Structure formats: structure tokens, C-alpha cells
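Next up: some structures, all given as C-alpha cells.
The same chain A turns up in both complexes below, where it pairs with chain B and then with chain C.
Showing the complex of A and B:
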């Protein structure tokens, strides 16, 4: 990711995102120093493959974005930037995307990156035999990939799909060497070859992943670091201790409470530009939560400021919707359900809920989910409801949400570069991530319309409308946007966390 | 005072003190143990003498209420162990023969299984609640109790007074209940105390491993675990509940050892 001064200023002033990069001003004047090793702490290494086509684990993506480049890149405010694609044009009423590629780029095995390589990359993901984790996402969309010239490639789509660029800034856009993939076959996942700034040197699963500088990287002079090492740590807090003594340079997944442990002489806490969206979800198509009055009553019983205070030291943002402020598709929050136990009790009476029936609230074991469950349980008990907290292991949690065997529970999602990514996925009656059973023809229509136009202002309006409906019908109780931190050694220069939380270190360097 | 007597009195007075704390918790605790507050992870102060946890709850209040959870689970679990183990041990030891052989085999197999691993597996399957934990820990305790009772009975049944009872036509039930059981009471008492101490320890270990009582229950093992990450901010978050477990386990153990 590029953090130059222009983007910094854009992000801080125009978008007023809370950035904490105290060193950035002085860092800009320092000359980058080449060499050195940057060590990244990885909690519970879950990496299984380095093949982007097959990757599922979040941990893998921490490494993949260093080994490979994407066609499109995301900026700090989620705006899309060129990467392997130098520029693009949208034609045929939004059904054809024409990409002009960077020239002279070579894969780490010396083979050229060109239009044919892009075509192979996408077609390989569509191939049934490859079992790509992105197949389901791309298959309905892509009609054909056309090589216009060696440096121009066109994507013909079955329908308008403005989310394509955002998808190509994520896993689906990571370009791997076709030659190497054919050569290694099944073993490609252990022998990754991309165009990225770093190459895989050593990978001891569960212990460390060592990457070395790619000396032939196509952006001349980059990267500055000689190597990047991912080291497994038992917990983020223990990783943080190791940042303090200089064993680790970057440790993510920290909350505001943990940042109290930081010694500013050695370590800086950097806030992620966009915090995760926390909510409570339930199944609205069956008892008991098909009772809209009951849902509203519970929503009014929740004191979100208190949750923010306790969970995020007041550093989160109350969410009256799904989209944080400061993105192109944000719309101003309309005041949602206010905290009012009296109103909640009145609605509860109207709902006809039998007060002696207990409500089960599922408490996943992960720390922030667990705390949310306990606080919410306490608050809805205060309006007279009987609440059972039922623990569920984090490893089983999402699978059980999908099976609908877990009903009322906290959930959280990272924002996406394109609103379609989360809105359609969660709220459309046919969305693949619709686990609430929510189905509203008006919302479906708005979401389909949102897919069919490319004008950003118009689209922002549509998603704003959906957001308002969601606040009224409460398929999710929107809680807040969290405050997530990365602890970074004071020796690290020219780096800040990205909104998608995958680190890019090609322009980072380490002071002596 | 002999060492053994001192042990017993020390154990008994500690247990009495812990029981008193458990009973008086609502009056002793300065706060509601499950009530969150805005001051999260505060260090020890006059208002919160041990500090507050991740949800701003007063750790001292939770520590006092935690005594209830530990005692109830520990005592009830060893009672369950007794109720199952004593009759089996009595009958197996007294009757002997094939029945005895079968019991001994089963007991040996069960004892060879590591208790904490078994408890982990069963809790993971059936889920943790006070009742479940009591049953699980009790079921894990009975083989040891049965084996000890059987051993005692094997010695007692050859004694002259048992033979005398048998010769005047006492029924087996009567001999077991009136002549043998009273003579193993002392051993049973010791075993009860030791079973309680190990049950409290196992329950705390389960909580520490994340399979304890569901939130927001104040239980010591869970408190040790959740305070772990904040050791460097406030070591008492994890040391205080840790010390409480140790003290309780130790006091029951002292009673048990002194009565052997």
C-alpha cells in the first residue's frame, strides 16, 4: 500500500479518519534505509497454502499480499488504485472492463506478466477441477476474458457488477505465474511464484514464514527490507511484550485495553483506519425473533455508548448502520433506536412476549464477542427479560450461525471496498451470507439496482436507503465500529495498517 | 499439639473461614459481582481493592462470590462420588468373587484415565453448567472412593466381630450398614475432604481451559484465565483468584491428610 503524503492528507483532512501515525511527519524527511528484517507476530498460524486461488484462511492473506501483487489496489480510505493494472475503462453499459497492464513486469520465475497471464489466472479460478475458493464468487459474473493485446485484457460480464474492481483488489486479483502453477501442480501452494516484492524462502508451519526481498521487483528500488519474517505467537498480548523488547516489529489484533500495556519509548499503537462493524444478529423468519416489537424492544434496551466505553475505551464509533463514515458509499447516519429502557419496556408489553420465557443469547468464546454477549445480557435483563447466556466455541461459532443452530448472537464484519460486497451478501434474500432469514422485496430491489449502476453518488444513495430500512426492521442490531490497533516498533518507518488489514511492506523500512 | 492435630485444626479453620465468606458474600462484597462499570481494568484502589476486570467488574466482589461456586461444585461432586463409590466398594469388598473381580477391573481402568482429560472431553460434549460439572466430577471420583472402601472392607470382613455378627445370622445388608460402615467412617471423611479438594482443583482447571461455567458466573479458574493477558497491567487479576483456589484446595487437603 502506498502511503505518500497526498494520501495521508486526503485521509486525515477530507475524510477525518482517526489516524495515529505520530512519526509520519519526520519519517517523510528521512532517507529510506535499505536492508534489515521486519518481524511480524502471527497469532495461531493457520496458514495451509500459499496458492491464492485456494486460500481461505485470513492468516494466509497476511503473506499472500507480499508474495503477489493484485490487479487493483485499495487505498487507506478504500478507494481503488492501480497496481498491476495501470488503468481501466468500463464499457458496454458496465458489462465490460478493459484493463491496461503495467509493461515489463516479470513473475519471480522470469516469465512475463501479460494479458495471457491474467486470462489464465481468472480462468483457472473458474475451473471446476481447481476448487478455487473464489469460484462461486466469479462464476456467475464472468462471461469471458479476452486478450485485446499483450498489455490489454478485457473482462466481459454476464451482468453489471460494480464490485468487480474491489474483488480484483482482494484474493481474486492476486496474480500467480501460469508457468510455475503448471510446473508444480498440486505443490504450487508450497512453491508460490508471483510478481510481488518478496519471495518465499522458508515456511515451517506453525513456527515461522520467512520471505526474502525480490531483487528483480518491477518497481525499481523497492522493497527496502531484506526480509520479512512471520513468527507465531500464542496471543496478541504476549506478542506485544515481544515488540517491547525488539523481537517483533508489528503485532496486530489489539484492542484499546491492550494498548495501555504499550511503552511509547519502544512501540507505537496505530489504529486501523476502519474498525470492524459489530452487531447482534438473530433469525427474523422464525419464533421468537419474527416478533418485530420484541426486536425493537431489545434494540432500545441496549446502551451502545456503554458498550463502546467498556469494550473500546470509548474509541469506537456508534453504528447507526453498516457503513462507517468516510467512504465513498457512506451516507450520513439517520438517528437510529435510542437507548431508552422505558420505551423498551413499553414495546415489550406491546409485543406480547411471555416474560417468564427465557431468551437465549449465544456467547462465542472470542474475547470481544464474549464481552458483548455479557454486556448485552446484562442490559436486556435490566428491562425484565430472562436471559440465558449459552457459550459456543469460537471454532464452531460461524458454522453454527450458518446452520441456524445459533440464533441470537454477536457478529462482526470488516467493511469492503465496494458496498455490494457486504450489503448484498448479508441482506439480500438470496445473499450467500444471509444467515438471519431476512427477506424484504424492497431491499432486494434496491440492492439489485445498486449492482446495476456505476455512478457512485447514485449508488451511495441506494445503500443509504437500505441502511435506513435495516435500522427500522432490525434484522441486525447495529452496535458500533470497533477500535482495532496494531502495535508497531518505533524503528519501523513508512508503514501504516490498511483498511482490509492485510499488511503491505514493500515501501516500509527499518531505522538502524 | 502434634503436627497432625495442628494440620487438622488449620484445615478446619480455613475451611470454616471460606464457608463463612461464601455464605456472607452478599454482605461482604462491596459491589454486584456481575455488574459492569465504565472503569475497565483499573488498578487496585480504595474503591476496588483488587482492581476491575475487562468489563469493569469489581474483582474483589467476584472473588468472594467465586467461593460459593467452588464450594458448591467441590462438595457436591465428592458427595456424588461417595454416593456411587461407597456402596460399590462395600459390596465388592464384602461379597468378593467374580463380582469383585469385575468391579476391580472396571475401577482400575477408570482410574488409569487421566481425570482432567476425561473431564475436558465430557464437558465439551454435554456443555458446562453447575449440575453438569457436579455430575461429571462426581462420576470421575467414584472409582477411587470405591477402591479405598473395598480395601478397608477386605480387612474388616475377616475381623472377629464381623464373623460373630455373621454367625448369629445377621443379613449382609445389616453387617455392611451396622458393623462395617461405621468402622470406615474416618477413612471416608478423609477421602471426602481429599475428593473435595481435587474436585475444586479440576473444576478450576476446566474453567481455566475455557470449559467452565458460562458467563457471567464468577468462578476462580475463569478469573485466572481472563486476568492472564493483563498480568503486566495488574498482576492481582490473575494472582488473587489463583491464591484463592490454592488456599481452598490446600485447606481441604490438610483435613483429609490429617485424618488418614
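Showing the complex of A and C:
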């Protein structure tokens, strides 16, 4: 009976998904309609500032990418596209990036966007007094910013850093008006001025953020919408009810379970092109997990399909690597650790592990981490290991991973537009996010080589090799890529979620 | 009467000073340095001591308190670390919303509790109904009641807006329409508690000699209830209303969250979650002061109603 109901629910959500295809096809035939208001639901709005230099919260980015444009933009398959930068050249062995800017672009306060503005934007983020959230990321990389001409600006780097373009497609590339920033000082976060398609009209913290069409937007004819309103909702379920009655048009950050509440007559569930990468990590440079056989044994004991079924209703994707399939830099997954308790038991015997010693598995308090810990604990108990589940508050969890006081734990990362972003960060022995103590000279060499060349196919091969080594040495047990959904009213046309999950509504329009 | 008011008022000031000092001390030194709280767990000791110096957290606590108090008396509570706005502007926009919501809810539930319990004869089915409603409204969690009301009146019937705050400038009708559901949610809870307190007192006054005399004189039941029992049993309700209003200076957190109202409760919770110490301190001080002042007002009202209180002091 239970199974029947589950099947039926799956069928309904599959139906909702199927609907997304016909309308995007028909959208191309319809002519865009100008005007109207698009309303976006934000669950427990955490927005604090609209100054991109200071922004930390994910919720803020939902708004920032409408108020501001970035130098570089990302596509649906994470390839980089021009935005405020019309084109770019990479010189000096990858240590100099020369950007040619769009001409005639003005900030919303009428001041011109030019090479001097770009220079000011980057230098302001590097300024110690500004306390920018992007300073740590840019400071070691940027040697100088050089104005070549009013419409050409060059970034000189301290070392080869292919992630620069991807960084400039994210927060670090959002360009704000230097004049306005100096005029408003500390209050700039409330009085944002960018070059974006929308301007901030009203912000009542905790209730709504109202944006209006920028009439002087530099891309002529865009945006189609008159305004975009972000409305705070207390929970995803209550937000979806409001989507049902037409009060809200877009609700993001939904799990597969929540998409079952969607009424396909009014609303479509769209899956994000790329889900978060979930994994288990441990410290491989010290006991007990410096024992490679023990690591392999545990990896074989984990039934990733079951985790996928329970966490994501089977709609996640099993990961046999760090980055999902279908990106320019992904190589095909080689079959990874198949689920085999027998193999796990045999490896465990070979490892010489004393079965009466308990293994501590940390359980961070966030719901998906916590469930992964419980399921993994159950599964490795089944091969005869003793497991202690040790709770840790989500707010302390990552700090303690960095301090190495949390050892064996679930973790998750979002994919980046450049492979260097995640691979070097996590796996290079000097990577700033290397919390596993993993150090393999061959991997280091491959990652450094990946930084030194620009040819995409060559680079993809290098990261493919790293992925294979990682799957053998198991500094991380790759679990799966999650499934995230956005509920979109059927009236919304010409819009689909992008892989970085930031909405860009400048080409979206609403049917009458 | 004036003597009574002055005597009470004189005691309020030192109490506020002592309590705000305790609050200040707890937040700035007893629970660890605010720099460590704000910079997070992985802050380096150097960064913490630099921030301590910059913000004067190294000074003796009394000196810090006096500096804070002096600025606060002039309306300057510093700037929020999270939003970079001045704390006074954040409170200035959030507090009126919470106070309006609180006043509506308290007045409505107070009048309803006292009125219904005095006018409806007990023992009848209607009387039992009121007891039942009181118990139910006090036990149903606010978030559930709020979500249910939204579902019935906004989603299903579509009579009212689901949420959000409409300022007076949007028009009186719009403003009031947006208030109906949050006020109803909040009132339900207070109606329950006011009603229970009032009934208990009412029952003990009901059989006293002067009431029996009034009945014996042949006065109507309504008149006995309203003129003789009510004034003598309403006092605890007023005290409780005073305390409640003071508490509501800290906002009605659950109601504000369910209905997305930009009130002070939501601001307070966000500040606590983000370790935003200037905001926590300012709202804490305002709640303390608000409690003291509303308590004072309640005392004055009681003295005005009950001569025994003002004469005995």
C-alpha cells in the first residue's frame, strides 16, 4: 500500500517535470510581453546588505544579480559568456587578463562604467578597511589592475589562476558605482547603485524587497518586467500555497519532497542543472583513517542508492567524482565503489582493524547532513564496525573541520564554473580548503599543470586523471549530487534556473 | 494620587539603570568578548585584540557602560554589524509595527475576555463554550493557528491577504485588512490567558457580601455584573495586560515570522542569530525599559480604579 502511494506521488511529480518541456518550446514562438510584476518568495529572508563587496548571505545574491551586472556571465552549462566585459585575452602565460569593456554603459546614477570603475571595484575589495568578503580570495592572486584605455582594463596576477574568470562571474565581478559608494559610505548597502536591469525601489527588511525596471538599461529593450518583488515567506510549504493562488511566481530551494505539493495546473517544478556535491571526508594523514584498506572497506559498505532514495527521493545523481557530468571539464565517471558488504568485510579483515575499537562519525545538525550520518552509520555497522554518532552544531561544524577536531563527517560543496575552484581548493596539498590532510605529489603536479594551460580539452584530461586517483585513494567518499528544484508559475516565460542558482530575470516576462 | 505616581516613578529609574547595566555586562564581558562573538570561531587572537582596541572593549566595564548609556540617551545605539545601518533607524522602523500589533491584540483580547465573561451567564452552554475557547486558544501553538487562519481565509476563501505589512500610507483599508489575521492570531493567545485570570477573580468576588446585597436590592444581573463585580475583579487583568505590553516591546516573534511582519521580534531574533551585539543590547534595553514603564502605568491605572491601593501607600 505504502509503495503504491509512493509510486503515485512519483508519477505526479514526473508529470510536473514533463510539463516544463512543452512550455519552453512554445515560449520561443510567443512574442515577449512587456510589463507586469514578478514576485519571488524568499524563505526566512536573511538579506542584510545590498553591497556586493560585503555580501555573505545566499539570499542577498538573489537580489544582487538583478541590481548589478558582472564582468563575466555563466551559461546554463557553466561556460563563460561576456557581460560587462565584451571580450578578453589571456596573456603572459596566464598571468595577465586583458578585458575589453562594453562601451556606453552607465551606472544607475548616470556615472560612466569604464576601466577606472573596474579598477576601483577590485581595489576596494582588496582594501583592508572595507572588510570585503571577497578579499581573502582575491588578495593573493591580484598583483595590480591596470587601466590600458577607458574601455580596456588589465588584471596582472601573481601566479597562474584560471579561476579568475569564474570568480568575476560571481560576487567579485559585480560592479558598483564608485561615485555612489563614496557618497553613501556605510549606507551604500541600503542605497545600492549598479549597472543592472533593475533598481532598488523599496526595502522593508523581513517583508519585501521591491525592484523597479531600470529605464536606462544598457541592453536596449530589456528588461521586460516592470518590477520584481521579493516577498518573505515563513516556510517553503506556505510559499508554495501562495504560488498556487498566484501571489508568488517563483519559489527556489525546494527539495523533491516539496515539489509534490505543486499543482501542475498552475505551476511547474524545474530542476536545477547542477546539484550540490555530497561526500564523506576524513583525515587521511593520521590514525585511524591513514589505513587505506579501512577507507576502501567503508566506501564499499555504503549503499549510495539508498541514500539517494531517502534524501532525494531517488532524484539525485550518484557521484563517482567531484564534479557532475555534462560540464566542459567533466570526464566520464569510471565505475566507483560498488556497494558490496562482502567486499567491505574482506577488505576490513585485510586492513587489520581491531573490530572492538569504535569509529566516531560526526553528525552535523543540518537536516540532510544529519540523515546522511545516520544512514552511513547504519550501513557501516552492518559490516561489523562499531560506530559512535557524535552530534555537532551546524554553526560550529565547518570551523571544527578546519581545526581538525571533527574527523569523519559528511560535507558538501557547490560546483564551480572552473574546475580549479574545487579541485585545487580541496585536493592540492597546499589548497586552502584541504581539510583532509591529503597530499599526493602526482595530484599536486597535475593540478599545477591544470593552472598553467588554457586549452580546455587538455585541462579536462588533467582533471579526469585527478578524479581517477581520488576515487582510488578515497580522501573523500563521493556520494551523490543533490536535486534542487524551483517552482515557477506557468505564466512566467523565457526563464530557467542557472547552475549557480542566482536568478537573472532580465529576459523573463509574464503572460497575461 | 500625584504623590503615589511620583513615589512609584522614582523607583523606576534606578531599576532601569541596574538592569541595563547587568544586560550590558552580560553581553559585553561575562559571555566573552563581543569581538570574539562577531569575528566567529576561527578568528585569530590578533584580529580580536585589534577589534577590542578599535571599539574600546578593553576599557573598564563601567566606563564602557557609561559611554554606551550616554550615547543611548541621545538616541545613538551605534551601528549594526550585520546590516551596517544605525541601530536606532532599525528599531525606529520595527518598533511601531510591533507596538501597533501588540496594542490591537491586547485591547481586543482584554475587552473580549472581560466583556464576554461578565455578560454571558455561567452554567449555560454559552458559558462553557467560553471556557472551552479560552483553553483551546491558549494551548494551540501560535504558528499553527496563524498558518491555519492563512489557509482558510487567504488561500481557500481568498478574503484576506496572506501576509506582509501595509503601512498607513497604502490606505487605511489596506492597512487594516493586512492586520486582521495577525491580530486575530495574537489575540487568541491573550484572550485565553486574560479570560482565565478574569474568571478566577470574578468567581471569588461573585459571592462576596456586597454583591449579594446588590442582588438583594433587586438590581438586574447585568448591572450587578458590570457595576459591582467587574470593577472589583478586573485589577489582575490590568496588571497582566501591562506586563504583556512590556513583553511585546520585544515583539511577537512567532506571529511576526508567520505573517512576514517587519517587527522588532524578527529583528531581535536575527540579531541573536548573527551575534549582532549592538542590536541585541539596544532591543534588550528597550524591552526592559518598556516593561518597567508599562508596569508603572498599570499600577497607576489600578490605583485610580481601587482607592485602597492609593490610600494605603
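By definition in this document, the second predicted complex is superposed on the first by the 490 of 512 C-alpha atoms of A that agree within 3 Å, B and C clash if a C-alpha of one lies under 4 Å from a C-alpha of the other, contacts with A are read in each partner's own complex, and residues count from 1 in each chain.
We adopt the following convention: contacts are C-beta pairs under 8 Å (C-beta built on N, C-alpha and C of every residue); 3 or more make two chains touch, one makes a residue touch a chain.
Remember, predicted model here, so these are calculated numbers, not experimental data.
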>> Quick check for you: in the superposed arrangement, does A:191 touch first (chain B), second (chain C), both or neither?
In response: neither
> So, does A:258 touch the first partner chain B, the second partner chain C, both, or neither?
Replying inline: first
> Between chain B (first) and chain C (second), which does A:234 come into contact with in this model arrangement: first, second, both, or neither?
Replying inline: second
> In the superposed arrangement, does A:208 touch chain B (first), chain C (second), both or neither?
Replying inline: second
>> A:325 in the overlay: touching chain B, chain C, both, or neither? Say first, second, both or neither.
In response: neither
> Who does A:490 touch here: chain B (first), chain C (second), both, or neither?
Replying inline: neither
>> According to the stated criteria, A:399 is in contact with first (chain B), second (chain C), both, or neither; which is it?
In response: second
> Residue overlap on chain A between the chain B contact set and the chain C contact set?
Replying inline: 241
> For chain A, which residues are in contact with chain C within the complex?
Replying inline: 44, 46, 48-49, 51, 54, 186-187, 189-190, 204-208, 231-234, 238, 241-242, 244-245, 247, 396, 399-400, 402-403
>> Could you list, by residue number, the parts of chain C that touch chain A in their complex?
In response: 40-42, 79, 82-85, 90, 93, 143, 147, 150-151, 154-155, 158, 162-165, 256-258, 260-263, 266-267, 270, 274
>> With touch defined as at the start, can you tell me which chain A residues reach chain B in the complex?
In response: 235, 237, 241, 257-258, 260-261, 306, 309-310, 313, 363, 365, 367, 370-371, 373-375, 377-378, 389-391, 393
> Which of the residues in chain B end up touching chain A in this complex?
Replying inline: 34-38, 40-41, 54-56, 127-128, 210, 214-216, 229-230, 232-233
